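Paired with subunit B in one complex and with subunit C in the other, subunit A is shared by the two complexes that follow.
Right after this comes the complex of A and B.
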């Protein structure tokens, strides 16, 4: 596996507070990675630096070998970095299908054409329909996004990011605010799409069952630095992780699936 | 019975033109959150341009023959010139005059568009003088049909047809095309659309141009039957406000329903209670504001 994304000693400072402190972070091609850590550990800031919502104060971010440290969000999306949002950010008054189509249009960068014939856009609607089907939302294609359940909104959010055809997909708490019973089906759907397409995914998640079940590798952050980095089994036995993050020296109960 | 039918036609005629004007006003507000007070005058501008071109070509001077001007189909083909002129004005005005004010408070936008209203008023007066401009030759050449025992102008059916077609096209445009998706997304959340890579400035100028085109089209198709006169813009603006207050500012469905309601009430008013016709319209708008402040189709 080759390195898809690499950060080299990136720093982000908010006043006196160093949210991200000289972090070297890597994502390999095709892996599903989980980013864990308590609130304020710097996970979301790191993802914001990589996706371009924030600009790094120091250090470099390399994506497929190119330095993207100073690039604006749009260019990073074009390059293949996409993310879903922690606060589900959908166009509530657009149908699920329109939400996905919009992402495809913006990926194609042809929104300037005022009068494109319906025929020219037929492949887009077809693709949008296919994307919805991948995420098991095809039954809701014509439903306004505002009328979907919380779990469906989470899936649609990921579907939109997926429609941007990323190489690297950041998922910010894909199961937060969703009932326990809904979590597994959502993660199953997302991870199976990601794996079958060979997309690298980095998941920020607080639910340790989800983390240990679905990721190939886990990166634990604490106070702006990387505390530990390894396979789920390594992380499960890591003393530092157990004491700082999970708060108890007992290993967490083994989860079903095992990742 | 025939009289009733004629009242229905008149109401539809009125609703068609009102829909074009108010639909444009509503579209612009829906996307850009700007209440364009100059909108009525863009309608007037469209009417004047069309009347001027038709008046010029229909006189023998232009064509050089004695007695007759250009044939009716040529005049009809040139009628949309007013709509194109209004669209061109919109494409010019949005980036230069409105764009600098988006980040300011709404009062500034109202002041700018009010200033624009007066400027267009004076431009019309300057270009075409204080007298009405007629394009009635098109209206007359269309002749009339008999509805029962009464004669009814054929041209009015063309206006109704254009209004209905415009509504269908707009609906398809907004809900079935790429541009429509981008437009609705921008209308709902401008910043998120920009984050997805939508060029918001371009969407704004396109929406404003389309809105002005609709106003200009309204002016262009009505001018053969009514002439272009000073003050027609402000009259249209006030009625459009009643339409969008009833239907809901920013909603095309609302503009359509509002235009139909105002068209029917106005026709009924002219026939049965001419003294209080406008008052009834204002009262209806007030009643809607009391019961549903966002209008029948408005977003709260």
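Right after this comes the complex of A and C.
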């Protein structure tokens, strides 16, 4: 397995506070990785740095050997980094199908076209329909994204990122805010898509049952640093993780928490 | 991809909508032959404002940016024409339109660079401030612009052959009316394609969620800038077409209150729909003309009517009509 993404001592500071503190983080080609850690550990911030929503104060981010630390979002997407969001981020007044189609138009560089009809581009709509089907959203193709249920919105958020055909997909709490019973089907859907396409994925997740059952490797963060890194079995037995993360009960979380 | 599914054809069937347009077009075509001259001229004004309003609405309805400075581009179009006549002696309406397009591209390109970095109220205020700069320049350089007196503009030559020599009213009611109608239809067609293009979808995506638009790879500032220019150019074309009707350009059309009228037209007709601003522009134009005719307190009168209309029809005339029609077709 080769390294797909590597961060070297990245730092993100908010004022005096270091949300990400010299983190070395790696994703291997083809793996499904879980990023865990208590609220405020710096998981989302790390993903923001890698995806380009924030720029690192120090350190480097290498994607397939190229330094992307300072690259604009658009370039990182073109290179193959896509993400979903902890708080769902959709185009609420567009239909589910339009949401996905837009990602495809953008990926194909077609959003620059202003004198051709979007609806006439059959291959794009075919692909968008297929993507929705993969994520079991085909019944809601025509529904405005704003009118979907929370679980469907989370799936659509992932579907949009997936439609960009990334090599590396960051999923920031893909099941947050959905009922316990809905979690497994959502994760099943996402992980099966990711695995069948050979996409590498880094999934931020709080539910340890979900983490242990779906991931090849687990990285635990704590207070802006990496606490542990290993296979599910190793992490289960890791003293530091047990005491800092799993041993202590999680603080109650609002249905949509964090940044 | 392994899953086999059938293509879902997007629900908005554009062709069906054209059927609704056919009777309206027929009315527009025969109007000069059946209506009073005054009515036809009013409608010509309405169509001109409709072009400005659809341009404006590319920003408000589709990109989510409320410009309070579209008077600037309307004025740039109009003054471009007046100055072409004054300094270059150009009388061809086609050249006037080209000149107005060139001038509004230039001005919007520059203003746009400053404005598109902002959204919401900051965008609105900046666009308004910039338009006020142009307004005050029109006074300052009175030897060029004629100051408050404005610039008188004779009737142009249409398509190199039709001139307005002789009966000016007859010219405006017939030849010029059809000319405006023709340009209006071309503008509507182009704008319709733009809002339904992949680019138009990208604008709507930016409107709905800027961050996510960025994360599907859309360069938001650049796209907003292009939308800003397109929007201003349509409004500039409207300004150029307005000149022969009015016969005179004055700085009022650069004043922010004129921008306010354009905003009102879009909101009145319904900025969430494509045809809303067109309907709004025509209706507003009638309302204003009749209000002026009936009472000296026309601004107050008009203000009250507009407040009542907006309160009772929050989605605008077209939005409300669509809802009523959907209800009549029965629950779906």
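A few notes on this one:
Going forward, the second predicted complex is superposed on the first by the 243 of 259 C-alpha atoms of A that agree within 3 Å, B and C clash if a C-alpha of one lies under 4 Å from a C-alpha of the other, contacts with A are read in each partner's own complex, and residues count from 1 in each chain.
The rule we apply is simple: a contact is a pair of C-beta atoms (placed from the backbone, for glycine too) under 8 Å apart; a residue touches a chain by one contact, two chains touch by 3 or more.
These numbers come from a predicted model, not from an experiment.
Superposition of the two complexes onto subunit A shows a clash between subunit B and subunit C.
After overlaying the two complexes on the shared chain, residue contacts for A:51 are found with subunit C alone; subunit B is out of touch.
Legend: residue contacts after superposition of the two complexes on their common chain; A:13 is shown touching neither subunit B nor subunit C. Counting residues of subunit A touched by each partner, subunit B versus subunit C, the larger count belongs to C.
Once the two complexes are laid over each other on the shared chain, residue contacts for A:141 go to subunit C alone; subunit B is not touched.
After overlaying the two complexes on the shared chain, residue contacts for A:93 are found with subunit B and with subunit C alike.
When the shared chain is aligned, no partner comes close enough to touch A:244: not subunit B, not subunit C. Touch criterion met: A:121 reaches subunit B and subunit C at once.
In the superposition on chain A, contact of A:130 is made with subunit C only, not with subunit B.
In the superposition on chain A, A:83 contacts subunit C only, with no contact to subunit B.
Touched by subunit B in one complex and by subunit C in the other are residues 73-74, 77-78, 89, 91-94, 98, 101-103, 105-107, 110-116, 118, 121 of subunit A. Considering their complex, residues 176-179, 181-182, 184-185, 188-189, 192-193, 195-199, 202-203, 206, 299 of subunit B touch subunit A. On the side of subunit A, the complex with subunit B involves touching residues 73-74, 77-78, 89, 91-94, 98, 101-103, 105-107, 109-116, 118, 121, 124.
On subunit C, the positions that touch subunit A within their shared complex are 1, 3, 5-12, 14, 190, 193-194, 196-202, 204-205, 207-209, 211-219, 223, 226, 230. The touching residues of subunit A, counted against subunit C in their complex, run 51, 53, 73-74, 77-78, 82-83, 85, 89-95, 97-98, 101-103, 105-107, 110-119, 121-122, 125-127, 129-131, 133-134, 138, 141-142, 160-161, 164.
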